[in-house]
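In the two complexes that follow, subunit A is the common piece, with subunit B as its partner first and subunit C second.
On to the complex of A and B.
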């Protein structure tokens, strides 16, 4: 989850997010190289008192500094396209989870099972225990099984909201009258937090999302206990 | 007779072709590229096999006594039909509280409803 002074991405909990972080790191290396190179060139010119009287129309350098940036761009474009197609891959989800955004809470429905539906409200700060996360903890967490392809269907009941969990690299707008589909897989157990990402009224900052990733057997036990209620 | 000469020259052409640049460099290269992609499929297939395996099948759930709907019953289209029934037009615009304002009734009612639902759930 995000903590104070957090600079980079949250640790990934999904293979796609992992790839996104790798691509970001790769592109950042290229950018830092270019910036350092240009910065050094500029800094080196300050103490230089020489003047080049013949500085006109050097075709060789012109060709070099046209072709070299093109090559650098190819080095960025190839991983980018690979990732783009990776994100759009068609897969076979094992379970389907539908979430409906309301003002100001999320309601979840496990469509594959019978009668597993619940609302997820933020735990108010005055009811939070000392170990709780302010503005992030909820009363009912969304439990999902590990290493299982999940199909997420997102919609809203009143205004536009947006369902996101940064650690999983997913975000989808919840638009009333429309069903958006995203697919992801959680590859480690744990708690992953997100917050509503589309302004939806006074309590927009107070409707968080918590995904609790557990083993498949623990998930099935939770389903059976939830549907009994 | 001339037919025999024709055959001989065809055979000559064939053997020259087999020793030519294409057969020595071009064809092996193409076989490597195209055949290699089929061979690499064996390695990359593992990602699809892992991700497309069904962790939670109807049979596993039934063993634990959890009724589960069949795969064909839960699709984008069926879920969409369900959400079209939600009434999205009748919502009240609950105005947020201004700092100088005290007693924004609608906002306080919404907070109370939220609190009640949290208490009900816990």
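On to the complex of A and C.
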């Protein structure tokens, strides 16, 4: 989860998020190259009082600074397209989970085998444990099996919300009357946090998401005990 | 007379040097480096381009060596011998999961 002073990405819990982090590092190479180059050229111009009276429509430099950025963009585009297609790959999910955004909570439906439905409200700060995370903890967490391909169908009941878990590299708008599908796999156990990412009213900042990634057997035990309730 | 007028305008240190040397060598001691009259922008830009390229290369190498490669290695090392089940049991026994309780609590139930 994100803590105070956290500038970069959270540690990934999904292979796709890992790839996104590596792609970001690669793009930073290009950005640092350009920023350093342009920054130095600007700094070198500051103490220079000379003016070239004959500089007009310099075709050479115009060609150079058109072709060079195009070549640089290719170095960004190729890994980007690879990742784009990787994110959209067809996989066979083992479990489908539906989430519906409401004002101001999420509800989840596990309807693959046993019908399990519950609402997930943020834990108010005055009811929080000493070890709880303020504005991030919820009463009922989204339990998912680890190392299992998950299909998530996201929608909303009232206004537009957005379901996201940064550590898993997923985000999808929850739009009333529309089902958005996302696919992911959690490759390690633990708790992963997210927050609603589309302005949806007064308590938009107070409808978080907590994914609890457990072993497959623990998940099956949980879902069968939840359906008994 | 004209020479004396010219020397009166010069700085004191240069004046001493001029008066000590012979008058016939006056022209050679006053010569300056000829400034670049043509192609100054091109020559300056070539120099600046080289410096900018070297600086950018150093910055990029710094990012790759200090950030990008170590991060990839960290992830590779983390997952090389990662036992997800053992990690799950460790977190579960700390009582952090809602869906499953620690070993001791389950036995009591």
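Definition applied: the second predicted complex is superposed on the first by the 204 of 229 C-alpha atoms of A that agree within 3 Å, B and C clash if a C-alpha of one lies under 4 Å from a C-alpha of the other, contacts with A are read in each partner's own complex, and residues count from 1 in each chain.
As a working rule, contacts are C-beta pairs under 8 Å (C-beta built on N, C-alpha and C of every residue); 3 or more make two chains touch, one makes a residue touch a chain.
Keep in mind the model is a prediction, meaning the values are calculated, not measured.
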(request) Overlay done on subunit A, so just call it for subunit B and subunit C: clash or fit. (result) fit
(message) Taking the superposition on A as described, I'd like to know which of subunit B and subunit C A:25 touches: first, second, both or neither.
(response) second
(message) With both complexes overlaid on chain A, does A:104 touch subunit B (first), subunit C (second), both or neither?
(response) first
(request) Check the contacts made with subunit A and report whether subunit B or subunit C touches more of its residues. (result) B
(message) Touch test for A:149: subunit B only (first), subunit C only (second), both, or neither?
(response) first
(request) Give the angle at the C-alpha centre of subunit A formed by the C-alpha centres of subunit B and subunit C in the superposed arrangement, rounded to the nearest 10 degrees. (result) 120
(request) With the two complexes superposed on chain A, say which partner A:112 touches: subunit B (first), subunit C (second), both, or neither. (result) first
(message) Looking at A:187 after the superposition, I want to know if it touches subunit B, subunit C, both of them or none. Which is it: first, second, both, neither?
(response) second
(message) For A:212 in the superposed arrangement: first (subunit B), second (subunit C), both or neither?
(response) second
(message) Quick check on the superposed model: minimum Cα to Cα separation from subunit B to subunit C, whole Å please.
(response) 11
(request) Kindly list the residues of subunit A that each of subunit B and subunit C touches, one partner per complex. (result) 140, 147, 219, 221
(message) Residue numbers of subunit A touching subunit C in their complex, please.
(response) 12, 18, 21-22, 25-26, 28-29, 32-34, 36-37, 40-41, 44, 48, 50, 52, 55, 140-141, 143, 146-147, 187-191, 212, 214-215, 218-219, 221-222
(request) Flag every residue of subunit C that touches subunit A in the complex, lowest number first. (result) 40-41, 44, 48, 51-53, 55-56, 59-60, 63-64, 67-68, 71-72, 75, 79, 82, 84-85, 87-88, 91-92, 96-100
(request) Would you mind writing out the residues of subunit A in touch with subunit B in their complex? (result) 91-92, 94-96, 98, 100, 103-105, 111-114, 118-119, 121-124, 127, 139-140, 145, 147-149, 153, 155-159, 176-177, 179, 181, 185, 201-203, 216, 219-221, 223-224, 227
(message) Which stretch or stretches of subunit B touch subunit A in the complex?
(response) 48, 51-52, 54-57, 60-61, 64-69, 74, 76, 79-80, 83-84, 86-88, 91, 93-97, 107, 110-111, 114-115, 117-118, 121-122
